[in-house]
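Lettered A, B and C in written order, each chain numbered from 1.
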Amino acid sequence: MFRQSNVLPGFNISLGFTIFYLSLVVLIPLSAVFLKSFTLTWDEFWAAVTAPRVLASYRLTFGASLAAASINAVFGLLVAWVLVRYEFPAKKLVDALVDLPFALPTAVAGITLATIYAKNGWVGQFLAPLGIKVAFTPLGVVVALTFIGLPFVVRTIQPILEDFPKEMEEAAASLGATRVQTFVMVILPSIGPAVLTGFALAFARAIGEYGSVIFIAGNIPMVSEITPLMIVTKLEQYDEAGATSIAAAMLVASFLLLLGINLLQAWSSRVLPPAAPDQLEEPA
Amino acid sequence: MSIHVKKIVKRFGAFNALREIDLEVGEGELIALLGPSGCGKTTLLRIIAGLETPDSGEIWFHGNEEGEVWFHGDDSKCQHVRERQVGFVFQHYALFRHMTVFDNVAFGLRVRPKSERPTEATIKEKVMELLRLVQLDWLAERYPAQLSGGQRQRIALARALAVEPKVLLLDEPFGALDAQVRKELRRWLRRLHDELHVTSVFVTHDQDEALEVADRVVVMNEGRIEQIGTPDEIYDHPATPFVYQFLGDVNLFHGRVSDGHAHIGAAAIQLAGHEPADTAVAAMFYTRPHDIELSHDGGGLEARIQGARRAGGVVKVRLERIDGHGAVEAEVPRESWEAEAFCEDQVVRVYPKRLKVFTAPETALAT
Amino acid sequence: MTSQAMTLPRVYQVDAGPTSESTPFRRLLIAVALTFLAAFLWLPLAAVFVGALREGLGVYWEALTDPDALSAIKLTVIAALISVPVNMVFGIAAAWAIAKFEFRGKSLLITLIDLPFSVSPVIAGLLFVLLFGSHGWFGEFLAEHNIRIVFAVPAIVLATLFVTFPFVARELIPLMQEQGTEEEEAAIVLGASGWQTFWHITLPNIRWGLLYGVILCNARAMGEFGAVSVVSGHIRGLTNTIPLHVEILYNEYNATAAFAVATLLAFLALGTLAAKTLVARHLRGHH
């Protein structure tokens, strides 16, 4: 059975248009990357994606993305916790501003982060005496990627934490658990999959991020060049084949990550079934 | 091990949840807090547990030695729920859904400080013993989501018992279950209590449940205790109109009491054991549908049969008083309904065999 | 052991509830969270405005009314005006097919629709260079017919279409799935045509979700940097969008002007957040 018997009209035209437009704007252009990289010999391709400067960029991109996603997993959980559990002045405003990285164009984020984390900037001037250099170092890349990834973690954890039944914590307390035990043994296992999913989303976004990073990174070859920048550099040198090879490698990594996230979500919904309906209801 | 609640007051904003509650729960007793929703019964239970903090009053726990203060409003002292060692069973079970049944029951033992924590072998032995007690040892490795509602509640009870609680507190423990399972589980709870004798308080809005299971019933309404007594006392000698109404279907008549008779409409009904008073006093009379007798030409009020519905061995009859002062509900045994050949639209006599008389809103005079 | 105090083992203050943290610890957590948010979100936002107004309103205004800035604004608006409605129509069509009908391969289709979100913006730009650039698939054909796509407005629009592709669809699909098909079926049974059903039944039901998707789509369309940067060629006054203009000014060490132009995008972001918050309230109220 291809489609259910349904009295509603417009199935063929809406699905047809969806597939047509999807192919035109997304699928055909994406296939161009792979077809183009197939025109290279394997050796050419391998040389392009394993050049020392490119390898250094992978290390930086993945390392900084991992660091930023980890920072966000910790602080994003803290921010979500504070927003859900506590009351403080201007909470609604604080909550709305969490989405700033979604809304603020990356170029703006890039120049403003580069400015305040420069050694004479608002934040940088306090870090410089401690010997911490942020702008134009890999640390700057981490700062920019942390900015970009924060809402992914907060917005993934927040609804789960809001739905977490208070009774579970009361049950733990009545059984003699301390607050720390309750958090580690009862709350964290329940929101763990959400933290992990938020982490993975932030990580995936960070890998491909460009605009917010290039201003603060300084783009020093072998030190603070991210992989997307390598693609741009190759293109500017009219090395389309090299750019395409790196892009193909990145796409494969991104798609594997996407697959991983989907498996993670499927796994967490299987291992941790949502609360039975009657556990979610408010007592009458 | 008894609990002594003294003058407990709790407000939520402008809402008076509890107004000076006094209550004693004796050693080994099973007590039911009964009342409509919003009467404060759950709040009182949560305050005893330490899940809620009262505004003023005192709660004392008497173990083997002398009393232990759980809450003292004047000293602003409140012992934490963790330290009270109560077993609390939630209406919606509150089982930890990422833990197996075994781990749920073992939780209270595993969170003890290292010095007091039993070995894993002891924990295993103890948990399996409890699971056998609730007859669910074969489910030890399952997750809560794989259990039925009744099984979940039994696991929740086993989990609460694992910490050897000084008192067991149950908040509407059967409220989320369907009727059949409810009935089985409450009988089972009664048997379990007879076996363990742990001092227990449970909250319910179901009068059958309270009357069937509890040693003593505390009827609550609008933050106050209306009556405390054994199920028989409560049912047979309700202290207030509220208690009478809350315990089952009821007919209400307005009238007067004089010369040992209830005067309702045109009828005068002899009141058993009632002191004859010289002056007539306005009164309210309550009677349950099964205490009403119907006849073709006996005593009582005249009423017209509006409808009848068979329910098991009885017939539930709806009647309208001829004098226009409202409706009457009666329950008649099926044999007499058929023998007397009652039918719709007939005018018959309604005679209350038992009347509960209240002359002032809050005072009971006699039965 | 007659003193009552001796029988109190451990006593806690009344104000800390059994399932809440102590007040000092709570305050500490709030302070740490807000400090983190300040360092990573609020200070950068404030720095945009401070940087823009450092040399006074005159300089600020000059930077905004510079002809190159004006042409960048124009191009950004054009790109958004094309890509938002097109992706909106696509989003509605996709959501209609996916939410109202059952068919094989549906979950694959949903995954494919989300695909542009997992593609680096730089790669998104590269795609269109590969297709329409001088060495691209259609490069020779375009050169023969003297059509410029890459390093011109069409590629900017295409790149924007790509990166904003999923926004409306992914808002509408779960919303329409949740609403089911009953109301539409009732309308059809009552004799309404397909279009009438859509206009009078479906559209009113999804209007807040649609608006939410459009707001997000527009923010990304106007703010996109990486993809557009690759295809634009950075030709001043011709192929610069606002974000690209900000980059050029910043790289020319004209930070004040860069921040001045960046305030436009910061206002866009704040407006987006405000609108999003308001619409989200309606969305939640609607259920």
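In this section, contacts are C-beta pairs under 8 Å (C-beta built on N, C-alpha and C of every residue); 3 or more make two chains touch, one makes a residue touch a chain.
Quick caveat: nothing in here was measured; it's all calculated off a predicted structure.
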{"item": "Arrangement of touching chains [line / ring / star / complete / other]", "value": "complete"}
{"item": "A-B or B-C - the one linked by more C-beta pairs in contact", "value": "A-B"}
{"item": "Between subunit A and subunit C, centroid-to-centroid distance (C-alpha), Å", "value": "15"}
{"item": "Centre distance in Å when subunit B and subunit C are each reduced to the mean of their C-alpha atoms", "value": "56"}
{"item": "Centroid distance [mean C-alpha coordinates] between subunit B and subunit A, Å", "value": "54"}
{"item": "For subunit B, residues that touch 2 or more chains besides their own", "value": "50-51, 80-82"}
{"item": "Where subunit A touches two or more other chains at once, by residue number", "value": "170, 173"}
{"item": "Touching two or more other chains - residues of subunit C", "value": "18-19"}
{"item": "Contacting residues of subunit C [partner subunit B, same complex]", "value": "1, 4, 7-14, 17-19"}
{"item": "Subunit C-touching residues of subunit A, taken from the complex the two chains share", "value": "2-4, 6-11, 13-15, 17-19, 21-22, 25-30, 32-33, 36, 75, 78-79, 81-82, 85-86, 88, 92, 94, 96-113, 115-116, 121-123, 143, 146-147, 150, 166, 169-170, 173, 179, 182, 204, 207-211, 215, 228-229, 231-232, 235, 240, 243-244, 247, 250-251, 254-255, 257-258, 262"}
{"item": "Complex interface listing, subunit B residues touching subunit A", "value": "37, 42, 49-51, 80-82, 84-88, 90-99, 107-108, 111-112, 143-145, 149, 156, 159-160, 162-163, 171-172, 175-176"}
{"item": "Contact footprint of subunit C on subunit B as seen in their complex", "value": "50-51, 53, 65-69, 76-83"}
{"item": "Footprint of subunit A on subunit C - complex, ascending", "value": "18-21, 26, 29-30, 32-34, 36-37, 39-45, 47-48, 51, 90, 93-94, 96-98, 100-104, 109, 111-113, 115-116, 118-123, 126-131, 133, 135-137, 158, 161-162, 165, 181, 184-185, 188-189, 194, 197-198, 216, 219, 222-226, 229-230, 242-244, 246-247, 250, 255, 258-259, 262, 265-266, 268-270, 272-274, 276-277"}
